[in-house]
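Each of the next two complexes has subunit A plus one other chain: subunit B in the first, subunit C in the second.
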Partner chain A sequence: MEITIIHKQSDAIHFLVEGVDVAFANALRRTMLTRLPAMAIDEVIVIENTSVMYDEMLAHRLGLIPLITKLDDYNLPQECDCEGKGCSLCQCTLTLEKEAGDQETVVYSRDLSSQDPKVVPASGEIPIVKLAPHQRLIVEAYARLGTGAENAKFQPVATVAYKYVPVVSVDKTKCDRCGACVEACPKKILKLDGDKVSTQNTLDCSMCEACVQECESGAITIDSKKDSFLFKVESSGALPPDEIVERAADILKERVREALEFAGSL
Partner chain B sequence: MIIPVRCFTCGKVVADKYEQFKREVRQGEDPAVVLDRLGLHRYCCRRMLLSHVDVIDSFMAFATSESPGAKQS
Partner chain C sequence: MDIRVIENSKYVLVTEIRGEEHSFCNLLRKTLLEEESVDFAGYMIEHPLLASPVFTLKTKRRQANVVLREGLEKMLARTEEFRKRFHQAASQHETE
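Right, the complex of A and B next:
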């Protein structure tokens, strides 16, 4: 197995995995989605809410805010020594207090103050609610670790997708250089280069086969490599994208080991 | 009511981009260009901002907050 990083940003990573099958690629994707823990607000105590928004809706919005997660600092509640009752090792308290003066005020996620300075909203610019003059909001929220299998708000990723590596080939003997394929390609992969059709950025190909349909002489074939996958992992901000992939691989390895151990004990 | 925190379909956080989107579109920029710049490339996330109506502003006209004078009495 070989991994090549194609593109890396602060919130997304694009990489190529070679020499694996679909089952492995999908297992990795599903591990990132449903098994990798992340912090999210799970319980909210509304002490005062005179805003126009219902308490339930407010709590729901708070839950969806991605919180920066330090996986080594917290335990999953079901694995914690306190047996899920909630202690400082598996829970983090955040408070929010805001009152509008004589003007309309927007409450943002940055107004949440956390007990743990490391567990803070990944983005401070998320509007939670708008307060009319003299309305007040006092809220206490408890964040904990959880997995995507339990609730999608715990997912550390927005999207994880993979696709086959496309192989675009142009048969020079059949090609009549009409240029119809160049026009048809939505991703601008084909290019009329002097007297021949050449390809560029083939990894962008979505394999729509618009060029194959346009090509009357049948010179273009779109194929895919069956053992290579292009992954796109987009983080919600809870964890950096490279850590997501690394941790997910560790979890997957551990789960495979457990399964093998069980199979061996039969 | 107010802009949803995340995209309904893919779960990307969109709420923090709404104010910039609204401001720049009001200044006469092309919404498609603004969405691209904000990093919303999928159509599921784009529709979250494009089709949103901030109804909370209408609700706030009927707000039942106590005035500071009334609170003291």
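Right, the complex of A and C next:
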């Protein structure tokens, strides 16, 4: 097994895994999507809402705001000592109080003030509701940990996807150097290099096969490696992308260990 | 994860794996099929929302529970290796 990081940004990671099968890649992807916990607002008490938006709609919008999650600081409610009733170990209170003056005002996610300074909206720029002059909004919201299997708002990831590693090959004996494929490729993989067609940045290839269709002599073939996967993981902002992958692997490992315990008892 | 035995004989093992779905079962199936002595490995989810997967393993020459244990050990080692190598690669790579 070989892992190469291609890009790493604060909110996304691209990496290449070689020497695993589809089942493993898919198990990892599904684990990141549905099993990895993240914080989200789950209960809202509306104390005052004179805006045009219904309370339910407002609560829904608040729920969808990604919150920065510290997984070691909070318990999942079903695993907490309070048995899911809600305590400071499994719940975080956020409050929002805003009144429009003589001008209309937009309430943003940054207006939420949290009881825990670590659990704050991942972005402060998310608009929640627009208030007309003198309208008022006072809400109290409770955030908790949850998993994507329960509700998509708890997913710490936006995109998790993998693709096969493309193999673009040009048969030199068949190629007539017409250059049609170079024009056709939307990802600029192929280039005319003197008297031969060569490939560059093949990992970007989307396997659209536009070059194969263009090539009249049939010199180009597009194939994929069956044991290598290019992963793309984009975080919603709740967790850093490398932590998402590592925690997902931990969760998968824990499940296998549980099954192993059972198999040992047979 | 809550596993219940439906059938357990020398060469046949049928279990219901509660709280799991395709991610775990498909990985287990593929890992078991790599083994020479596995005759059949597969799972079925009777209903996508209401039922848990029922995993069936049939082996020849070797005991089913031993083969299952080996398969799971292989899965554990692979996941562990992935975790380790990813951590190593990610910690060496600078954030852009």
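Quick notes on this one:
The rule is short, and it goes like this: the second predicted complex is superposed on the first by the 266 of 266 C-alpha atoms of A that agree within 3 Å, B and C clash if a C-alpha of one lies under 4 Å from a C-alpha of the other, contacts with A are read in each partner's own complex, and residues count from 1 in each chain.
FYI, a residue touches a chain if its C-beta (ideal position, glycine included) is under 8 Å from a C-beta of that chain, and two chains touch if they have at least 3 such contacts.
All of these numbers come straight from a predicted model, not from anything done at the bench.
Once subunit A is used to superpose the two complexes, subunit B occupies space next to subunit C without a clash. When both complexes are overlaid on chain A, the residue A:Glu97 reaches neither subunit B nor subunit C. When the two structures are aligned on the shared chain, A:Ala158 is found in touch with subunit B, with no touch to subunit C.
Once the two complexes are overlaid on the shared chain, A:Glu43 sits clear of subunit B and of subunit C alike.
Contact with neither subunit B nor subunit C is seen for A:Glu214 once the two complexes are overlaid on the shared chain. In the superposed pair of complexes, A:Lys130 makes contact with subunit B only, with no contact to subunit C.
Once the two structures are overlaid on chain A, subunit A sits at the apex of an angle of 150° toward subunit B and subunit C, using CA centres and rounding to a multiple of 10.
Minimum C-alpha separation, subunit B to subunit C, in the superposed model: 15 Å.
Only residues 1-3, 5-7, 10-13, 15-16, 18-19, 39, 42, 56-57, 59-60, 62-68 of subunit B touch subunit A when the two sit together in their complex. Across the interface of their complex, subunit C is touched by residues 1-5, 7-10, 13, 15, 17, 20-24, 26-28, 30-31, 34-35, 242, 245-246, 249-250, 252-253, 255-260, 262-264, 266 of subunit A.
Against subunit B, the residues of subunit A that register as touching in their complex are 11, 50, 52-53, 57, 61, 64-66, 100, 104, 109, 122-127, 129-130, 132-136, 152, 155, 157-159, 234, 236-237.
By the touch criterion given at the top, residues 1, 3, 5, 8, 13, 17, 20-24, 26-31, 65, 68-69, 72-73, 75-76, 78-83, 85-90, 92-96 of subunit C touch subunit A in their complex.
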